[in-house]
Structures are given as C-alpha cells and as structure tokens.
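As written, the chain order gives the labels A, B, C and D, with residue 1 at the start of each chain.
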Amino acid sequence: MAKITPLREAVASLVHDGDTVALEGFTHLIPHAAGHEIIRQGRRELTLVRMTPDLIYDQMIGMGCAAKLIFSWGGNPGVGSLHRFRDAVEQGWPQRLAVEEHSHAGMANAYVAGASNLPFALLRGYTGSDLPKVNPNIRFVECPFTGEKLAAIPSVLPDVTVIHAQKADRRGNVLIWGILGVQKEAVLAAKRSIVTVEEIVDDLEAPPNACVLPTWAVSAVCPVPGGAYPSYAQGYSERDNRFYKAWDPIARSRETFLAWMQRHVLDTDDFAGFRRVLAESMKETA
Amino acid sequence: MPAGTNAETLDFTATEIMTVAASRLLKDGTVCFVGIGLPSTAANLARLTHAPDVVLIYESGPIGAKPTVLPLSIGDGDLALTADTVVGTPEIFRYWLQGGRIDVGFLGAAQVDRFANINTTIIGPYDAPKVRLPGAGGAPEIASQAKEVFIVLKQSPKAFVAKLPFVTSAGYLDGGDARARAGIPGAGPTAVITDLGILTPDPVTKELTLTSIHPGVTVEQVKAATGWDLKIAPDLKTTEIPDAGALAALRDLQARTAAAHGQVGGEG
Amino acid sequence: MAKITPLREAVASLVHDGDTVALEGFTHLIPHAAGHEIIRQGRRELTLVRMTPDLIYDQMIGMGCAAKLIFSWGGNPGVGSLHRFRDAVEQGWPQRLAVEEHSHAGMANAYVAGASNLPFALLRGYTGSDLPKVNPNIRFVECPFTGEKLAAIPSVLPDVTVIHAQKADRRGNVLIWGILGVQKEAVLAAKRSIVTVEEIVDDLEAPPNACVLPTWAVSAVCPVPGGAYPSYAQGYSERDNRFYKAWDPIARSRETFLAWMQRHVLDTDDFAGFRRVLAESMKETA
Amino acid sequence: MPAGTNAETLDFTATEIMTVAASRLLKDGTVCFVGIGLPSTAANLARLTHAPDVVLIYESGPIGAKPTVLPLSIGDGDLALTADTVVGTPEIFRYWLQGGRIDVGFLGAAQVDRFANINTTIIGPYDAPKVRLPGAGGAPEIASQAKEVFIVLKQSPKAFVAKLPFVTSAGYLDGGDARARAGIPGAGPTAVITDLGILTPDPVTKELTLTSIHPGVTVEQVKAATGWDLKIAPDLKTTEIPDAGALAALRDLQARTAAAHGQVGGEG
C-alpha cells in the first residue's frame, strides 16, 4: 500500500545519495516539485535517468546532484539548449557528468524490460548510428530462429522512480491519462516510487482500461497541486511556455543560475513557496 | 535566411516556401511520424490543405493527432485531445514504428552530410565536445524504420557538412548500397527540403543532389550554403511557388499558434 | 483504411487455404461468427493460432479446417474437454492435427513480438517445464550483459487475424474495452485483419487512452451484432453459459457433431441464420 | 469426494473444508494470481471474510477484481467491471507476473507428484496421448515466478501420482535444492490443499508431507488416495473446522453464483 505523505518526507525516506533515480514525464506531467525537493535536500552522486532531460534535470545537474545521466534527448523543448547540462558535459561544471546515451526507442524499450524484470531489452535499433561506438551498453544478439542481428541494451532498473499524475484515491491508487510517456513502466521498473498528484479524491472514476497504478505497486503518494509546473497536467493546468523561454537566460550563466536557484528553490520551503516567489520575480521582470 | 531578400519580393519568405514545399510532399492518407518544429508545421499544413486524411503520429503517444494550433512541445495536450487514441511511448516505438506501419518519417536535423546522414549529437570529439547537441531522440529508428524519410532544415555551410563529426541517424551511410548492406529496412531520406531548394539522392550513388531550386534563389547561393561541392541536377526544376491557399493556411495556423502559445512551435 | 463490408466478403477475400489464422478473444469477444463463416466457406489446411482454443476452434478442427494448432490452453471453459480437439489429437479425426504448445506467457509475448516486428519473443519462461522437450520452437538465449539464460520463442505472425469488438465508426476505427486479451497485438502482428463489431456508430466516444485500432491498421470491419455468441461483448450481451454446457454432449460423438454443424452452420446463410436455428433447436431440447 | 460421508456428519462437505482451508492460507493484503475454479472460489472467499484487502489478479487482465459472484470463466465481465483496472493479457504476464509482483500463485492441477510438480498437459506419451488435457495455460510461469504457490485439488490416486507423464509446471522438480539449481526464482508450492488434508513440502527433501488432516478423515484414507507412499508429519495436525461465518459466506457466494450463472464456477 502506498503511503500518502508530504513530498518532503517521501524524498527524505526514499531517495538516497548515490541512487539511480528516474524522474519521468514526456513533456506532460514532469515532476518538477519532486526535483526541487531532491535539490533542497542536497542529494549527491545520483545517476539520473530520463528520456528527455529538460529544465528540472538542468537544475539538478547544475546544483551538483548528478554523477551520471542516462538519456536520449536533452534540450529545452521549444526553446533550445540546456545550458547547465551543456556546461557539465562541455566544461565539467559543477562536476564532470558521465553520459550514457541512447535513442528514444532504446530507452523506451529499456523501461519496458525493467518493468518486465528482464535483464535486457531487445529491439531493432541503432542501425547505422554511431551511438554503439560511444556506448558500450549497446550490444547485439542473434535471433536463435532467423539469425538476424538485433540490438540489446540493459534494462533501466531505477532505485527510485518519481512521477507526477492527475489523481489518487484515498487508498493510494493512481490515475494517469493523456500523454502517458513511459511513466507506468518507469514506476514498475523501480524498487521504490514516489507519485506526486494534483489531488486526492474519493473515487478515481477511471474509464475501463485506464492507466491505473494500484496502490500496492507505489511506495508514496504526495499531494502537490500544480507539481508539474512549468509542465502541465491535462485537465488541471496548461504548460507555461513563458517559463521555458525565461529559463534560457537564467541558465546561461553560472551566476544567474545559482542566484535564481538560491532564491526560488533553496530559500523556499516547498513547491507552493517556489510558486509564490516565482510569481514575484516574474512580476519584477515583466 | 540567405534567400530572404529575393524570396520576399515574391510575397513569401524562404521559410514559408520551405514549409509549403515540404508539406506538398506528403500525400493524402500517408501515415507520418512527425518530429516537432518544422516537420510538424509542414505536416499539419498538409493536413489542413491537400491531405486531410494524413495520419500524424508523435513519439509522445498520440496517433492521428489533429492539433488546432502547432504544438510547442512533442507532448502538448492538444495533440492528446485531438488524437484518435493516445498510447504509451513504448508502444509508439514498438508496435507502430518498429512494427513497420510508418510511411513517412519527417525529421529535422542539426547537420546533414552529402549522403543524408544526420547529426544531432555533438560538434567536436564525443569525449570532449565543442558543442553538446540534444541527442538522438527518436531519429535513429525513425530514419531506419519509416518506409521513407523527409528531412527539413535550413541550408548553411555549418548545417550541410562534407563529413559529420557523429552519425546519429543513418541516411545512406557511405552512399551506393551501403544502407541496404547494413540491413536497414526503410528506403531512407528521399528528400531534403531547405529554404533554398530540394535535394534528393542520386538513384545510384545516393549523393544528395539539388533537383529543385526555390524561385529567386541562385545555384551559386545554394552551393555557397553547402559544405561540399554540391551536385546540381541537369534537369534542375524551379520549385512551384506556394499557392495562395497554402500560404493563407500556413499564416493562419501560425497566427493561431502565436495567439495560443505566445510563439511559433519550436524544437523538442 | 479498413473496408466496411459483409463478413462473407471479408472472409472470402482475406482468408485463404493454408493461411496461418489467429481468431483471438480471451473468453470475452470471441469471434464465433467469423469462425462459422470460415467453416461455411470450407477453408482447409489452416494453421490455427489461439491462446485459448475453445468451442469455435473445436468446431473448426472437427470440420477439417485445420492442419496445425498453436496454443497454450485448450478446453471448454467452465465445462471440461474440447472433444473434437481431443479426437483430432488422440485419434487423428477428421485428420491429424499437428500441435505446437506453449504457455500463456509464451503466447502473449509471441504476439507482442509479432506486433513489434521482432523475429522472436524474449521471456523468463518454461523453467522446469517439459514443454521445451516437446516443442523445438522453445529455445534459450543468453543475456549479453548478465549471462542469464532466457527463453526465446518465434513471434506469432499470422497471415490473418480475426477479432470481435464492441464498435467501429464509419471510417473503420475500432474500439475495444473490458477484457482486452491479446487482440490488439494479434491484429498488429498480422498481415491482414478482420474485425467483426457489434455496431457501427458516428462517434466512438472513446475515453482517453482507450484501446482503439485505427482504421488504417485494419483490413475489414464487418457489422455482426452478437457475433461473439456464446461468448459475450461487454456492454452488449452476456455470456451464454448454457451453450457452453450444451456443447459438451453435442461434441462428444462425431455423428452428433456433424449433424449439428450441418443443421446450424452449413445449412444456414450467416450468423443471424445460425442464431435463429439455434433458438429453435434449444427450444426442442428444453 | 472420498471423505464426503464422514465430513458431512460435521455439517460441511469435503469440498467446503478444502475451500475454506485454502482460503485461510491467504493473508490480507496478499497479491494473488488466481486460477479459475477452486482457486478462484477460495481466493474470493478469503476476500469476503478475513482478507478484504487481498488483491486478485486474473490472467485475462483484471487487477484487483472484486467479483460479486464467482466467475465461470477467466474472462467474465464481472471481473472487468469490479477491478481497479483491466490491462491486456501480455501486460499481466510481463509487468505483473514476470515483474515479480505476485505474492501467491493459486493453482489447480490435473495431477501432482510427490515433489509438487504439476501436469495439465497429457496422459500417456506426448506424441500418442491417451488423454489430451487442456495444457499449460498460465501455470508454468505462475509456478515459477509467484513468490509462493498454493495448489488446490481433490486427492485421488489418479491425481496424486508417483511420477508424472509430463511436467507442465515446476514444483520442486526432483526435490532437495533442484528447483533453486534450475534457477527458478519463486519459493515454489508451499501448500497443496485437498479434500482430505493439507500437504506441505519437507523443508529439506521438499517431498510433500501430510501435515494437516481434515476432521473425520483417517490417515489410511489419505494414503489410499495417494499414488506414492505418502509421508505423514510426526506432529500431524487436524485442520480447523470451517467457522460458521466462513461456511455461510461460501454457501451464500455459491448460491448467488448459481443464481447468476445457473452453475458453480468451473475450470478454464
């Protein structure tokens, strides 16, 4: 049974230094609030996994939480580069970031294999690409029936997966809908999991065959309304495209980045506090 | 936009003719795996003009998306709400792309080479990069598994390079039959649409060749914007100018998008 | 685009002698009407694939349509044996039936692999079972990362898959809900597909993330209300448990079976005709 | 029902004490992968009595099913309508069973041997069978991947055989540590519940041993119903008789089932 608990406690008890951590959400339902809480609690040496590292990983990398990144596309969607990610890879600031790089197909299959308790994912992939030359975790196996060569990559098996979802019921059953990404697989591939939700309801009112994570498959459910901001939660909030654009100049220099993180994340108590301070600072620059 | 000045005298921008030319290549009923940004703009323009039954699939999960405005991200809610169905990302890559059901993969790129290989990973050495680009995303498997691929990007010597520092996604590899020999199933990139013209692979050597030039652009301009000695087709055509209907539809789409998002759909 | 067409025409044009044919439906939505039509049209030498061959495969096997059966559980659910299936295996009547036997996990994974255009399915399976001793299509591969031994079986790649679904819209998009079984995978694994539906509607009214087969992924959609009988279609009809029990004595002897098939299937024009004659004969025996 | 006569004098049938004894083994909150028939009856009885939070998963796709009557088939609509969610059959086997999330696999069987291996495939030689049984279904992977397994079946010399003609699903194979040596993850069958008693594996040899005998049944009856020289636990217990509440709940469930289906839930 999932424990319904404040996010701070869930992060304190479930995310440890050195863990392999996946914060998933494909543009939709990105768990920004949980990422901030991991930064606030000063986690170090994490192996971060994510198909599409975006602003929240830019922040975690820039704040020195990460030793390694496993990913397939790292950018600020609709805007451009992730400057903190680039600074870590190009200049080793604030520390060197090891990179294990895949394609989306590879990562998605690796999550499926993890959820399925298989040691590796099998796919037709990476043919003609240089990725296998730089990633020793892309190997090839032979079909025992046809002799065909197929790509094999290790399963993603996080210590902790963190996602944001629309709602949970009072027992901790979770409902996700809309763009589902790899969240279900990421939770089921992990030893432990944290799900932040927009709201806790009496009845999920899930349609037949909806994407529901049963309470006993989740470690903690944490109510954090708006916890995906500046990403969105279908049916609850819109993506704040202004913030994605505003992030670019903030993240360009180490100084503006650190000052911003200090004021908005380290000096705030929780995501509601972050949203209040952000509203102030966006008014200042408007 | 090297051709901007000339093209604008014809009442459309270089980006507009690029987008309309790319959209024209999509036949009605085509099942199209769409990258965000220029490909998404062109594919949605096709859907709103000559190809109402084009099926748009985004890697985030929507199948048969019919967005009312251009998505800013690959996972905009509008894509989900207007789709025939939304599946998980693993299913998109497993059942629909790898399953062999995609007619056209529509990609952008940071760099292409003369054999239409794509780099979106790195400039400089992999272990000590000069510029870290976003990475592969869905492109390696789109490029290999879609029945054919269209690439759309602006033409410049930095983008059109003789040799890529990194092949993220396969075009024709070293040319000739190298792609088939590597066991890659799809036909590969059959068109590269730029702001200056359209490049298509030579039937035998697979080297990208300028086969259509946009009105108001000179061959010298295209050559200057290409990092290798670009071959020009003996029967070089002039790209048909965008018809008024397509241009109006494109501008209307972009105006609605700007009103909804505060900007035009980007990358990612 | 799926062609919306009468079932008779769909079977005539899409199911050929010698084809590998999968009629799927896990207790729910079993395509009985389509099975009858294949019998009426006298198809021969089919390789039949199905996780749970039940009454409709008992009928097809007893009528001599099948040369081979690929399956994982063959019985009359809730009642007992499939007598025609047993007669074919035990006595070779009406002809010898080759059998390729798997577990449910194996078959389900083989459909997924087929839908994914992979040549084989990878699973943790069959450990300690004698099935690999009698099925040369159960092999083992080694994980290139951990060295673990994993089971490998060939993908299911039908020439034709036939399923029953609740509804389609006028363009041929299909909605399935409730017990989904392996129907989606079976359709996507096949070269061609026939979907019989309870009704054709203007708007599917599909919930978000529902199981929808887009029209362009289906060959033919055939309106056959009640076409899953005696199985059921959630939201439309109940399972007729009486028929499953009534089938047992009918199928026990070759003579009663042949007479029943003649009267109810061969001498009727379509599934509506079958249902009329069945209503008469069930009144006679009541 | 060999014990019928004796057991009925105690006001319950042999099948009833078997079902109640099996249901008692399921702890509240257990995630249980349920076979149809006797396992489903026992698991639902547990849910309706001492274990309201037991999670029932059926291979047809329902997770957290709470059927109002016993399902006649593994895919009854009631299972879908009362479940927390219904997923496809591949997902059940891939993410939930193989994923290692099942505490108890609850199986029936046609035959078991002294090491709790299961046959549901064939009587006689495989290529020229005397009796063709339904086959494996989900059992091989349930037997190997659930954290532990309960088997429920009626005891007779035909069902409890010294050597199986075919091992469909692994118990302890040849006994001792053979199961672990074969790399099978789950603990295996920790209880075989019959109409005569409960058999559990010897901690070292893994041979099934009678550790509990139902009231009114004699050891001789159990030995006569077993196709090998059955070991009897030195501290043989007598199975607790079904309490009135459980019996009433079972009979009520079966009456409701009969009214709904016209018969009691069966196999398949």
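The rule we apply is simple: a residue touches a chain if its C-beta (ideal position, glycine included) is under 8 Å from a C-beta of that chain, and two chains touch if they have at least 3 such contacts.
The model shown is predicted, which means the values in this text are computed figures rather than measured ones.
Shared contact partners of chain A and chain D comprise C.
Interface comparison, C-D against B-C: more C-beta pairs in contact at C-D. In this assembly, the C-alpha centroid of chain A lies 28 Å from the C-alpha centroid of chain B.
Chain centres here are Cα means. That of chain A falls 41 Å from that of chain C. Among the residues of chain D, those touching two or more other chains are numbered 80, 86-87, 94, 98. Listed for chain C are residues 112, 117-118, 123-124, 178, 180, 185, 208-211, 234, each touching two or more other chains.
Taken as a contact graph, the chains fit none of the simple arrangements: neither line, ring, star nor complete graph.
Inter-chain contacts occur between A-B, A-C, A-D, B-C, C-D.
By the touch criterion stated above, chain C contacts chain D in their complex at residues 26-28, 51-52, 54, 71-82, 85-86, 89-90, 101-105, 108-109, 111-112, 123-131, 134, 149, 178-182, 184-185, 211, 232, 234, 238-239, 241-242, 245. Within the complex, the chain D residues that touch chain C are 36, 59-62, 72-77, 79-81, 86-90, 92-94, 97-98, 117, 121, 126, 129-132, 134-141, 143-145, 166-170, 173, 179, 182-185, 261-263, 265-268. Across the interface of their complex, chain A is touched by residues 117-120, 122-124, 137, 139-146, 148, 150, 152, 154, 177-178, 180, 207-211, 234 of chain C.
Residues 1, 112, 115-118, 173, 184-185, 188, 206, 208-212, 214, 216-217 of chain A touch chain D in their complex.
Contact residues on chain D toward chain A in their complex (touch as defined above): 29, 31, 55, 63-64, 80, 84-87, 94-95, 98-101.
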